[in-house]
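Everything on this sheet refers to the single structure shown next.
Lettered A, B, C and D in written order, each chain numbered from 1.
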């Protein structure tokens, strides 16, 4: 059985899913998916920076078995490719997050589900076919937040992934131009009511705060969250080494190096550029994950050579969900996994531990 | 009330005003606005150099209040975004500098008005809705110049901004090709009669001096100006650290790092490249402003991280003036100000003092 | 007699053969020839990196005789331009490898013939008009491999060129998309039966091993091969200095710096970037050859300035074979040779020994 | 009187002459003018490298008089812009070198006339309106060469400019493709009969020597020439510092840093890159000139900041000659001279001595 029967031109690489998704999604939804902040420099840098890293492969290493398995915060994973949290999957497929989770399970992948998803957190566990984590926006209503964390853990979330880079939204010009999907319009079921309202007649600089985002979070908020959470808490959106050390000090269980897919602060450094400093700062005490621009198995191999334990993919999973539902997501993951295997074989790196920094320079 | 009611496609970023202006201005006026010297390398470098600077944002900083206010040479300003001096606003809008000043006031912005403006200096103060400074070309007739300074100060100019980079005009090919706007054609009311005439039959190298510009200015001219001016005198057009020190020694009240918007000497260094050396040279003794290529809130944040106290925008204000008059100018300033607020929030920099150099590197 | 009578637009440079070949080959064959792995970055970097190296020519050197001759592993060669091993020449010309070998002889060039060629190894020697070497894939059936080496040597191969960079194939998207030429479809006469079969319904990551490639090769395999081979054994596909030292230790007779024409591991370093480290590592104890992106006489001169003893060309020879058979191959080699002579003359380097590193910098 | 009455669209910059020439010249002549060797990298690098150099102008320098005059090898010149030697001006204008020399005189410029010109050397002096030098190819017939030098000096050449970078021609693909202008076809009056003939049936690598070029020249040839020449001998085509020292040792009167306009050895270093090393090597003992890619007054200023005494322009003079004859050449020179004046004024450099290295960096 072909995993993507409804797709005429069968994708052979991640980027092949992009036009398939563009063909089925409304223009403003497509703009919301594809767009980044400002002039979308960070968006491009994320992809380009992985590509520009040169590989120095080892010859004549026995790679007759290649092992991509790892253990992450106590969870056994078949490979280091996870789904990044993204909002409102009902925009992309009627099955919404259920399809995503079935697809992730089919692809043996960890899925990180967003607070802004279209599906109540309690249902996520019921449809999940494998391990999943819950991405958290700490909301102004801390009791609501506490309850949300508890519900996620009860539903089966193996970890909480706290977003630390979004006190407010960036300059999302495509959405402003095309009428993008606001939190109001998405009516996400895991979000408390708006903390304030926006005067539509207000001047632009008077409307920079988002009613659903709490701009007052600090590292103390992380400490509090670590205290109330029964499961490890990762921080997503760290780019600086000093912040990585603060995360360690506040009790974080892991770090996700991210610039929010280039959607928040344009010209924020590419994640591949930021990764080495974070890895050095945590000095092996915590797992480090990275997202942003991962499109190839070689990108994944490079991230691991730079010290990451795993990677997350965001937009590609949306493309595959839109184009092929759960089967699309599974196929996308299988493509990436097969490319990672090929890269490891050709690099002379039969295990993830063999993906070391010397493969990136001489 | 929408601030730009006459604009069908509402701009969501500074660059959106560009095509709106191009659509309403005659071709030679548009060429005069957009053009730079020579092959327009500096023009492009100005914009690109800001964009290429990477940001390293801080996570989990409380940004529930963001304060963009500052005090500049004794004037309290709501934000560090000022209008750069540009010539002959009657070319762009029948209301000329009056509209510009009303727009600047609506946007809570300092406006620097040009000697080559279409409005007598005495009128500027009558229409200004907020603080304004007067840009000065010291003219061959020093008595005329002295009088002009006095009139500007009487009219309310809070500072004099001496242009120091224009002993003659550069190779403005677009103007030479299309019949640009010469000082003669503009008949600016604040300029003394031509100091010499040009033989139209003379060979090109015999026509390099401009009848309205005095090529003999030196640092002593600045000292003289400081002496006669009741208000602080800034020097606009400094790119070198040694010149910045000369400005301090001659009694300047501030420095504007500028390459004249790429309009004078093509391949002059981008202003973002020159800024750090000037900042280091003045060592905090004087305010430093910068213009050239500022199109985004992130550009402004970077300029301040590099040590600038404020920025000026030139062409964008002309675009907005042409497209929407005073309302356009106000809206443009509001867009930039909102982007600056977003950038500060996402950088974890709730005050201007938090915009420090470590946000640009790790 | 024109050497390429059937070609209307006579090529004046290597790249002129490219469109001629594209015009006569089926689309999927063309895709197979031209394509590289992944996004084809290494493919492009190979060509660009040679071009980007600057030459600092010597003036006023007597170049009234220019000598390109050399001796390589005991074989006297008229010039340092060899044909790289490429698969299945019957895809390009009905005369297959026979035409290639006749063309190489006409061009006074060493030819390296592939294990995956369309012609039984025993026949190669009968048609060869000059020196040739045999590229070897060590196959899972070691007895078959031993026999193949013996047959090659009996047929006249002057050396064995062991491929060390292909335990499995890379992400050849063009082939996967267009239905490229698999080893199965090529039915190469010098290859043992498949070592395993592939389940066509298997998921992508379950199909990464190729039935005709042994992924278990190590440096011990090279030692074994050196032992059983009556002729020198070179290793093709070395990019790292440490691997070059391992090759020396294992008894290799030479090294070919190669990234497999960008066809295996995309974003592998360009061969011109890897070459100097390998040259330094072998310290003159072994000849070093290089392939990948050589399109001009200046590229060849640069490779030799960087320490290579000779270069190999792959795709261009296929273009010429497809466009003009043996005459095309000869003409292509003559073009490259004439460009090398011109480069040596203009560099002030009348012998290959005069192509030294100081010609690349000052 | 307009100096270029026949040109409808009056050029305002050097590059404007390019399309005017393209419009009036046959395709193969245009290819001969515009083309460079190989893939024309050096051709492009020459132009781009000047443009990429950043200028750091000085503010508030009195530039009410700007002096571009200099003395070069005893000749007083109004400015440092000379015409580079180029072949066969009869291809571009019926008046050939006579028009060029009249144009140079009109533009107050030194003209360097080529051995391969269309005009007997004896006539050059009769039509010259100002100082001129004679470019020399030392020919195999040394007596002919000696006589040619004597005739040039008698005719008024103030110096001999020995070409040292052309023992043979480079890979001029455009000419080979389009049927370019060979020395045979040009029948230049100042060249001895061919030293050998070329077998049209010979293979490409057997045809690399040119019958009119002596590939055996050495630094001793320069010493000999210095001895027999009554006027100073410059060497044109030096890129290396060690060669510059050899030129000094052999008695050269000056050096022209040149890569032959990118026409000989493709990927030879850009002349702006080579210039500083040569300047340092000669340490002020000889004048240093430079050509290659000079298109703007700022390019000239940069060359002088890097230590050149003067610059030469080649292709632009041909464009102007083709488009407007002597008037075109004069106008072109006037444009460049006016741009140099503007650059000096805006740089705060009122004399050539003020064009110092600190204007290129900080």
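Keep this in mind: a residue touches a chain if its C-beta (ideal position, glycine included) is under 8 Å from a C-beta of that chain, and two chains touch if they have at least 3 such contacts.
The model shown is predicted, which means the values in this text are computed figures rather than measured ones.
Novice: Keeping to the contact definition above, tell me which chains border both subunit A and subunit B.
Specialist: none
Novice: If every chain is reduced to the average of its C-alpha atoms, which one ends up farthest from subunit D?
Specialist: Looking at centroid distances, A is the chain farthest away.
Novice: Using mean CA coordinates as chain centres, what's the subunit B-subunit C distance in Å?
Specialist: 59
Novice: What whole-number Å value describes the gap between the mean CA coordinates of subunit B and subunit D?
Specialist: Here the centre of subunit D sits 42 Å away from the centre of subunit B.
Novice: Two-or-more-chain contact residues of subunit B, please, as numbers and ranges.
Specialist: none
Novice: Can the chain contact pattern be summarised as a line, a ring, a star, a complete graph, or none of these (other)?
Specialist: The chain contacts form a single closed ring, each chain touching exactly two others.
Novice: Going by the touch definition at the top, which pairs of chains touch each other?
Specialist: The complete list of chain pairs in contact reads A-B, A-C, B-D, C-D.
Novice: Which of the residues in subunit C end up touching subunit D in this complex?
Specialist: Interface residues on the subunit C side: 1, 3, 12-13, 51, 53-64, 66, 296-298, 302, 331, 334-335, 337-343, 345-348, 362.
Novice: Which of the residues in subunit A come into contact with subunit B in the complex?
Specialist: Where subunit A meets subunit B, its residues are 38-39, 41, 164-171, 173, 176-177, 201, 203-205, 207-208, 215-219, 221-222, 235, 237-241, 243, 246, 264-270, 273-274, 277.
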